[in-house]
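In the two complexes below, chain A is the common chain; its partner is chain B in one and chain C in the other.
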Partner chain A sequence: MSADRVLFDAPGPVGRRRIRIATAATVLVIAAVIALAVKQFGDNGQLAAERWTPFGQLSYLRFLWDGLKGTLLAAGVAALISFPAGAVFGLMRISVRRPVRWLAGVYVELFRAVPLLLLIYAFLLGLPRLGVNLPIFWKLVVPIVLVNTAVLAELVRAGIGAVDRGQFEAGEAVGLRRGQVLRLVVLPQALRLIVPTLVTQLTTLLKDTTLGYVVSYPELMKQGNNLTVYTHLLIQTYLIVAVVYVVINLLLSQLAHALDRRLARRRVVDAGGAAGGGGAPHVAHETEPAGDRIAPMGQLF
Partner chain B sequence: MTEPLVRIAGVNKSFGSFQALHDIDLDVARGEVVVIVGASGSGKSTLCRCINRLETIDSGTITIDGKPLPEEGRALARLRADVGMVFQSFNLFGHKTALENVMLGPVKVRGVRAAEAREQARALLRRVGVDDKENNRPSELSGGQQQRVAIARALAMQPKVMLFDEPTSALDPEMIKEVLDVMVGLAGEGMTMVVVTHEMGFARQAGDRVVYMDAGRVVEIDTPDRFFTDARSDRARDFLSKILAH
Partner chain C sequence: MDVVTGHVGYILGGFLVTVELTLLGYVGALLLGTVLAVFRVGPITPLRIVGAAYVEFFRNIPLLTFLILFVFGLPDVGLTFSLFLSSAVCLAMTGAAYVCESVRSGINAVPVGQAEAARAIGLSFSKVLRLVVLPQAFRTMVPPLVNVFIGMALGSSIAAAVGVAELTNRTQQLNLEYAQAVVTFLVAGAFYVAMAFLGAGGGRWLERRLGARR
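Right after this comes the complex of A and B.
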């Protein structure tokens, strides 16, 4: 859409020609590379029909499909926990209370630094010795949540930091409490700013689940791995697995775009609907009663 | 007209080791329009922002309508609701339409029902002449329109006093007038106003008193006519010769 127009001028005739030439060149190079790879595969017999037809079998597909379900479940649960938790920790980092700020800071710095694999080993090997033996699913998901919450907290904090100070001040000047300023004025704008990065983080989280093989959790990667043990079709299996991951990521970016557009549109609809006197864009909860206020300007209206 | 609406007494304010305000005393009567002028860095904005505690003060007292400024929390928020503020850079809520900008305070702070707040907001936007833009977001408005929406937003809280910190300094010349007209109208209707501005036309037309600040001190307080034609201090005369030069 207009997103690139914000950063760059719309290209002129010379620019457009250059872009066309560059695009054509890129496409040619990529096509050449692919052709070369395919030829190599063919020369090594990797394209032979008998190496691919097994994947038409229901059992093979079912096996990979179970892996995909495992991946989506682990990633979904991890995301559902770590996104809200990340928002909470991000807000804690800018709290007015020093101990709260400090606590969140320690958490974030710690879990952003620790490699995920190490954490998984801790849950797999370390904690069981201390008597904490989680189910396999959680041995994978809890470490992913711990790390991603820390990263997301940093993202949220950065997003809030990127919102103009004047927005805080205007909110406070209107009489909103600090929490209201954050919730009603700052956070919506901060989230808008970090939507692309949030999606990137979601794909990272999805890929984090490939460490499922460490704890023997049957996600896509692990299932693919198991399959190769029986079939020895390494290249074919991993190609298919890779394609699936790419497709999921593409879907996620599509989702992000749709979300972005919806956010942009809903505002207009809100206000438009308001013209009918119907939908109220603001629900009047958590308000303070007008109380004993004086209306010195009453006569002006 | 017994007790001043805003009373500033013995106020000092430092940023680190730099003292931005020295012993400021200033009373603003009900319905009065006080214009603050002074060179850049003389502390005008700081003083203005102290009145609704966007800046904290180190010593002295500020009372509004007889009540000392609360230091924090609910009481402070309630007081701020009674003090309208208009910023040099407008600071409209970027993710909300003009109408929503005006409605937010009444609904969330005053507890006004949405439908009622919307009618009020429409009336205010009409009054400042941007009712045709009620569904536009700030980025789709001109500077002058944004500032008029910001004024409507402040008015929607039915404030006892309005603070303006250089409301026209970020505007192109042709937009300055549309904003000043709204402000003159407000003054004429009896609004109590503290206005930091170098618009002498406004000061003369609407101002009751001019406060001249220099290096964090109030140096001179006088009527606009006397101040602009016959300032007493050398520093004020020097300052005036500079702003009159362009």
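Right after this comes the complex of A and C.
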């Protein structure tokens, strides 16, 4: 947050008054927007108690809970496959053998540039025409794995790139072979660097599973959809579904932030230790969490 | 292959809709996201809170969930928009959260001394931002903003799930109608890859240009 509060002076009397006025105006505008939204909901009968109380019933909750289990299962399986696969492709991209490097490069570049939904349609509608007909679960999970493996491969590569070159050289200097340098020296440090981003990637996986809606795999979105078919409580159901996603993802990103901060602290400690040895100390400022994190590419929603 | 050659207009039309969605969503996201970023670094506390809450909400809600709420939910409270407009607005609103964070971390990457020096010569908050910090922040913002563009191009495919006749949707339609339409998936994929590569190339070009002028 370094620059967040340096763009303006500590306000004087006039400035404080202006800020107070602007603050009051903002609060009024926000209140007006909320009031307008509530009125719009109320006028259309969406706030009526009978449209919300059903969600207190166990049967409704269990229905959505089953959906959440489906979501977590799909995201979990996708994570279990794509994380190791991503590491393998990431390592292939820095291989000394050109064909290996090239192959991984083509895979990563292509699958980061293709929309997940198109891949899912290909598995859902295209491949069965060619005789490849997977169970519904895998029609959702395989495309998610294919895309996320590519994204994770880039992450792993970026993590390895962020490890100080001296670490490679030191590893070689003590007589380790390339594979050993990677396995014993570089990878452990690289993984530590990308752990926060890996946690963030879990939120992406979770969001990706919403496309189960399209393949009719009973995850949270699809279960919500099934519920609205019977109840017609559309807004209520999807608002609850949305809150569930936001809460889970918020928890995951809080975890990522916490890991980020721990990492930043550790780096400062490391740098403090190294400074005595005459090397240039790392500047603690550079480990500003949001900016310095190794970000996944090309995959937002 | 004849499915593709026989439906060139249909596929290109879908691609055009995809391009329109992407550009509308991206421009909207850039505008809204920059405003949100200014909220987040400004001195007015409620606006800082609004900016932060907006970003947290839209980075954590799946696009499909928001899109379906928007498309099928809003009519229930008396607001109806076209499918295309709804999709573009949803893309812009979601993208804005990511643009906001890119702009903000770009601002954070400018050395603190720059803002302090600008303040020392008496510039106001908006002048510090407009004349000193943002021009320098822009270059570091290019890669994440290119990222948002690529995400937007790929994310626009989600509109297919609510029935917007863009590239992914039309590909799937063709595949339903014709037995040998698997190749259409490859063609559609190629269009998306081309868009992503074009975006990435444009970003590199922009970065070089901005670098040279420094």
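FYI, the second predicted complex is superposed on the first by the 206 of 301 C-alpha atoms of A that agree within 3 Å, B and C clash if a C-alpha of one lies under 4 Å from a C-alpha of the other, contacts with A are read in each partner's own complex, and residues count from 1 in each chain.
Going forward, a contact is a pair of C-beta atoms (placed from the backbone, for glycine too) under 8 Å apart; a residue touches a chain by one contact, two chains touch by 3 or more.
As the structure is a computational prediction, the values presented were derived from the model and not from experiment.
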Partner chain in contact with A:172 - chain B first, chain C second, else both or neither: first
Touched partner set for A:185, first chain B, second chain C, both or neither: first
Partner chain(s) touched by A:164 [first = chain B, second = chain C, both, neither]: first
Chain B versus chain C as contact partner of A:229, first or second or both or neither: neither
Which of chain B and chain C A:14 touches, first, second, both or neither: neither
Chain A residues touched by each partner, larger count belonging to chain B or chain C: C
Set of chain A residues, in rising order, touched by both chain B and chain C: 288, 290, 295, 297-298, 300-301
Chain A to chain C touching residues, read off their complex: 1-4, 6-9, 11, 15, 19, 22-23, 26-27, 30, 40-41, 43-44, 46, 110, 112-118, 121-122, 125-127, 129-130, 203, 206-207, 210-211, 213-214, 221, 234-235, 238-239, 241-242, 245-246, 249-250, 253, 288, 290-291, 295, 297-301
Residue numbers on chain A that touch chain B, as the complex places them: 164, 166-167, 169-177, 180, 184-185, 188-189, 192, 267-268, 270-272, 274-275, 277, 280-284, 286-290, 293-298, 300-301
Partner chain A, residues of chain C touching it in the complex: 40-47, 50, 56-57, 59-66, 68-69, 72-73, 76-79, 94-95, 98, 101, 104-105, 107-110, 112, 115-116, 119, 124-125, 128-129, 133, 144, 147-148, 150-152, 154-158, 160-161, 167-168, 171-172, 175-176, 179-182, 185, 188-189, 192-193, 195-197
Footprint of chain A on chain B - complex, ascending: 52, 54, 73-74, 77-85, 87, 89-97, 99-100, 103-105, 107-115, 117-118, 120, 123, 134-135, 137, 150, 153-155, 157-160, 189-191
